[in-house]
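Some structures to go through are shown next.
Two complexes come next, and they have one chain in common, subunit A, joined by subunit B in the first and subunit C in the second.
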Partner chain A sequence: MKRDCVKTPFQTRMARRDFLKRTAQAGLAVAATGALGYFLYDPEGPGGTTGKSALALPDFSVPEAGKHIAIVTGTDRVKTVNAGLKAIGGIEAFIKKGDRVLIKVNAAFATPSTLCATTNPDLLAEVARLCFHAGAASVAMADNTINDPSSCYALTGLAEAAESSGVRTILPRDSLFQEITIPGSNLIKDWPVLLAPLRSATKLIGICPVKDHNRSGASMTMKNWYGFIGGRRNIFHQDIHTFIKDLALMIQPTIVILDGTMSMVSNGPTGGSVSDLKPTNTMIVSTDQVAADAAGAALLGRKPSDLPFIGKAEEAGLGTADIEHLSPKRINIG
Partner chain B sequence: MRITTVRRISQIFFFALFIWFCIASTFGISFWQLRGWPVNWFLQLDPLVALGTLLTTRTIYAGLIWALATIALTLLLGRFFCGWVCPFGSLHHFVGYLGSRNRTIKDRVAANRPLGAQKIKYYVLTALLSATAGSLLISLADSARWAPAWIIGALVISLFGLTAASVASRRSNSLLTFFFSLLALWTAAGYLLKIDGPVASSLMTGLLDPIPLMHRSVNLVLLPFADSSVHIASNAQRHYDGAWLIGLIFLSAVFLNLVVPRFYCRIVCPLGALYGVLGRFALWRVGKKNSECRDCRLCDSRCEGACDPGRVIRVPECVLCMNCLYTCKDDVIGYNTFRSEQGEIVSPNLSRRGFVVASLSGIAAIPLLRLDGKLGANYDPALVRPPGSLTEADFLNRCIKCGQCARVCPTNVIQPDEWQRGLEGIWTPKLNFRTGTSGCQLNCTACGQICPTAAIRPLSIDEKLGRGSFEHTGPIRIGTAFVDRGRCLPWAMDKPCIVCQENCPVSPKAITVREIFTPLQTGNLDIAKVSPRLVVLGTAPLRNGRYGTGDYYLFVDNPARTRVRISGNTESSIALQSELPAGSSPETLKKAEIQVRLQIPQVDPERCIGCGICEHECPVSGLRAIRVSAEGETRHKNHSLLLK
Partner chain C sequence: MRRARTAETCIGLLILIALAGIAATIYSVQSRFDPSYFTAMKAKEEKAPARISLPAPSETAAPSFLPESLVPMGPSQTFNAETLSDKIDGKAELYLSSGFASLTSSRFAKRSDAKSWLELYVYDMGEAGNAFSVYTVQKRKEGQDFDLGAAAYKTEDAVFFINGSKYVEIVSSSPNMGDEMLALAENLVGSDPQQNTRKPDTAGFFPPESLDAGSVTLHMSDVFGFSELNRVYTANYEMGALQVTAFVSKRENAGEAAGLAEAYGRFLIENGGSEIGPVPGIPNSKLYQVYDTFETVLHKGPFFAGTHEAETRESAVEIASRLYRKLVE
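Presenting the complex of A and B:
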């Protein structure tokens, strides 16, 4: 307090200089307060939420490579995926030198890879190897998992496979999501999407297992994109078929790889026991996600018409459910 | 090199080691994450943890045997742990140093004078240890019933004799004498009255024991706070219930150093008190080497323990900071094998009255806290403990509230309890399925593996899941999920959902679904025109596009009970996925209605393990429509739900 006490000699007349100085200071303070009030004045109060502008994600497809589907039967994932990729024109037709490849794995659950509830780590490693071989500058994998992300990647063996094959693991964290609206979609409106990895990639490959799913009928390549969605996304189960169609609308992949070597035929999509699995020995490699899912439905003993999301996606022009239309390459390598 | 420099290096080393262990308690595959790093080492070195659990359980669990090393060293050297190792102590030391930098020597000397309040820590220790003694008393009383009467008689008489002698002598003030006299009293009471109801034990030392306190504060407050921008210790932001209180206590302890240096160590710390009692026989001790002291009190200016080295040193207060060896200009003070020239005070000099009051309050506290009946029929069903937790009474006998389980839990589902279980359960782990990245993950046993006292037993995956050699015992259940039919979308609101069923990790699933078709409020449709795959209505009651989701059907209440999936609709027409029976007309479709196909979730309590993943995923985001409560938990047979 001592410092604030300005000692002035007693005087009867006002000190002009001091008065002017104080007038200027007070005037400035009043003006500053007024200006602050003027700029911060808000006559309306907080309004409702405003819609975010619609945003289409990059198209990762390679139209010049054509529309293909290969259905390879065999037990060895490494062999079948190689044969499948070769049959659709070879990975070089899709991955060029310098491409930044994003692989969307299914790492939803913290279960060992033997239970086939998640993308097989050997399959990831092989596809990554092929991408690098074709000249990819980088390969990353991403998934917004259902169980704890670190546990999922560790327990499924995907983290280890990624590390040993040079794949960068992208753990979902808030800063990577952005609220967007997908043009033409019914449900993805102002909703958080794992956008950052998609933005920084030039090619996108989806790799997922064939799984039983009580609500939607089956979990395959189109439903795999669920892992790009954030927020309390379980709400979309109320209209799951429309939502899976929206996912297919949101993502135009370079290639999808549907692993039906072991299909989860019951207790899906979590599984939890080898008795939930059935060796169906099929690897489906396709540029058309709708066709891949239509072909995969057979592995679960279901018809495409049993799965309304396939019809919806086809109707939206996202692909064809009539596989024969694509003259599929059927290969048996035993 | 000065010994104080060595001490500083030691303090920095152990502090850094402690923080490193907290960071390394991260689940993952990198070398710096959990790879058998001895992350519990400080808790294991802490003899108060070992002694507390020893009193409550009569065993020393696994790594807690390390405490013997600390005890042995303390018996030889004195309170070296406080001045050289304790990370909480080092923090106080440092903050106290910062606070005293601008003080005059006179002020510092004054701040380091011994306070009467320094006795409080011994009362705290007495009360906390007495609270653990209940079960020991029960077992003593039990064995007393079986032992020959003359042995008990001799024991009681000799213990009473000791008490009488100590009271008569007036000189002795031994804690041991008091402790044994109390034991004698309670043993005799147990023998005569066959008590067991009014006696109970609980391990409360963790509330104030500095190592659990520091672990709790770093694990649950400081680390999540520091990590929120760098995301090293966890991918997602960690949240802990009641973190504010843990943080407030920690910061209060730290900032009190600005008032009284080492406030916590001198006045509150029960571990320091235990070391003080143990160190009375130390072979080396700080004291005066000769009688040339000029009574300048400079030694007090940097004294950490407020132990009065310039006069008659109070040995139990000395934390071996060794500062007095250098602040003394005349080199009077040393760390010697002989006793101080001017004599020393080796006991804490507690008042008899204070000791008895502290001890009795400790012994009485637990039975008083348990008058709420929460260990019995009044148990709290919302208290779901981590898998492998012992029965509640045994759990409370071991849990030191260190927060290691909550730290290591990969999903952040383990939370410190606030007041749900009362004072006795504060900061003990419970599961809150609304937070974190998932419920309790099926293939994870991290909490039991890290628990330093086995309050959460270390389980193997096989035992947790009831596989292999544990087939006959079945899985470990921590509770049971209950569907709230008033909130569940399919049950209450005719909306398809079954997220809970989908996410149930058990095989076969513990949540099953029953398929039902429910008519909508629209009632019977007024159908004007029919073609095989299109129905046109006379009115326009429908919402455009609402029923094409794949979940809605056109149902005709005819003998064939025709049901066709709707593929789309406008306000007044319905498109169908397949054809209506041949010959359908508005006449035959008089009793047609729109139905929604619902899958109604139901929990099978025989399969449900209470992992709470369903509760975590339930789209009813506030009060979930499926919730886990403690019924059916395997640790309490009397909480079981099913006849088995």
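Presenting the complex of A and C:
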């Protein structure tokens, strides 16, 4: 039986060739849209991991503020850090309204702050206060600690200081790491780095104590970036000086603050007694991490040349070990 | 093909304009992207950690050696050679090169003040000599020796001692825990079958005159930067304003001691030293000058000995001579 077709107003007879042509065009359009979506798809979302890649991290330095170093002597950390920051142009030269500031503390060990193996809590609180005063929208602290993170932050007193000063504590969860390769580095290749906090920040301040170190001779501002590294990072102790140079290559900070109020002159990096400390009463504030470490070496009774990582970093063009080149501001506030 | 009617064209254009508007909105929002917002949201999704605070003291599983005044802050942790650096980072090499077997660490709070706490580190070094080595290498100059066992000293905030093959550190969060630290140390020594009843035979190598007995140290590897030199005792001598370091190492036999003396001499010359000649009155000995310091090297039977980095030739020769006479005894 022949079917009767009732034509709608839009229906007309379509040639087979025309039908095939339109179908192919529609198919291509769907395939192209799907391919574009697949190409642009980020499986981890913002701040997450996106797989291995060669990557230069954000440059947090403020070139227009210039290269400076201030060496302040005094026993009160709050006073010395204020004097140091003022001497290099004031915190306002570096932190602007709306900045999201990340403070890289040394919270490596779950030990009391009296041992000075970790960043001093009062110093953290004061720097955070100054950042907020300068208009920072947020201040966070991060470190991939060696011991259990919660214990480290709690027992060092950093958690309490952070809470009281409005600093957000970023615990080193797996999802915040990404395997990356730092262009030009010898050792940081396809290695997990605590990347998400760095990507979220607009400014980066490193705060750490001056310490003796059994492998590298000293742990200061450049070594402090070790806490951005994940994985079985102790393997880098085999070539520690090259690795510290790589860390300095990876991170271009806004400011580094090297706390030599009490320097750990023996049995570092953990120490174990206040007997390992020496009152060196010095706060070093700098925009040049190599210069800061060169100045810090003297607090341990060493020369920059005794610490090969300083020379390697200088050779790599990451700063100067000749602090006089920066016309250091030396201040004594007693 | 039929031409589109005006109505169809208008609808089509409207749809295209709407799509363009959506694209523009996405572009605009994306250009003001704030990763911190998304990171914060993600952190919330992953269960934001509870407020970080001091671990609460717990009465459970208190070890038998624990004094009544202390209470555990959590379970103890054990580390092996693979994981030691997870606890002490760069200091691990010191232990690993000295026969390290395991580390057990535990924290205890003061029962009357939970904010005062201490951490106990018990390093099993395999044998007593290894424990003595890590004890002496790290010994704090300001430490006060006290009577506990073979070797023990205390500082303002810590206690350090060896107990058989164990090297023990007790580190407190405040200086008001001296009594608790001492009680814990005494209990540990009392409860461990490897009690320290014998002192390591160390000072016996060194002549006693002007010896700083507290300076005797056992170095296990890479001694004086020479990779072939291991298991060496050093001690300091006061010579007026000068300080001279003497060293002694007992080798397997006389041949090994002689070979080591020769190899160390070559090492000194390769590193800028020059041979001056034999040390007067000491057979099988040599005196070297290395930049501004003097070094003596000798061997007697299975002993390899000498002085290291003396500031004057006379002081190096004087201490080497005393050392030789002691070895002859």
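Keep this in mind: the second predicted complex is superposed on the first by the 282 of 334 C-alpha atoms of A that agree within 3 Å, B and C clash if a C-alpha of one lies under 4 Å from a C-alpha of the other, contacts with A are read in each partner's own complex, and residues count from 1 in each chain.
To be clear about the criterion, a residue touches a chain if its C-beta (ideal position, glycine included) is under 8 Å from a C-beta of that chain, and two chains touch if they have at least 3 such contacts.
Keep in mind it's a predicted model, so treat the numbers as computed, not measured.
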Clash or fit (per the criteria above) of subunit B with subunit C on subunit A: clash
Touching partner for A:Ser275 - first (subunit B), second (subunit C), both, neither: both
Contacts of A:Asn214 with subunit B and subunit C, given as first, second, both or neither: both
Touched partner set for A:Ala196, first subunit B, second subunit C, both or neither: second
Touched partner set for A:Leu155, first subunit B, second subunit C, both or neither: both
Partner chain in contact with A:Thr114 - subunit B first, subunit C second, else both or neither: second
First, second, both or neither for A:Thr242, with subunit B first and subunit C second: first
Touching partner for A:Ser138 - first (subunit B), second (subunit C), both, neither: second
Touching partner for A:Pro308 - first (subunit B), second (subunit C), both, neither: first
Partner chain in contact with A:Arg100 - subunit B first, subunit C second, else both or neither: second
Clash with subunit C (superposed arrangement) - responsible stretch of subunit B out of 184-192, 310-318, 436-444 or 526-534: 436-444
Residues of subunit A that lie at the interface with subunit B and also at the interface with subunit C: 109-112, 146-147, 150-151, 154-155, 159-160, 163, 171, 173, 213-215, 234, 237, 240, 266-270, 272-273, 275-276
Interfacial residue positions of subunit C with respect to subunit A in the complex: 1-2, 33, 35-36, 38-39, 42-43, 46, 49, 51-55, 85-94, 117, 119, 138, 140-143, 155-158, 160, 169, 171-175
Residues of subunit A defined as touching subunit C within the complex: 12, 18, 45-48, 100, 108-112, 114-115, 138, 146-147, 150-151, 153-155, 159-160, 163, 169-171, 173, 175, 196-197, 199-201, 213-216, 219, 234, 237, 240, 266-270, 272-276
Footprint of subunit A on subunit B - complex, ascending: 27-29, 231, 234-237, 410-412, 436-438, 441-444, 489, 495-499, 501-509, 513, 548-551, 565, 567, 577, 599, 613, 617-619, 621
Subunit B partner contacts - residues on subunit A that touch it in the complex: 109-112, 146-151, 154-155, 159-160, 163, 171-174, 213-215, 232, 234-235, 237-242, 266-273, 275-276, 305, 308-309, 311-312
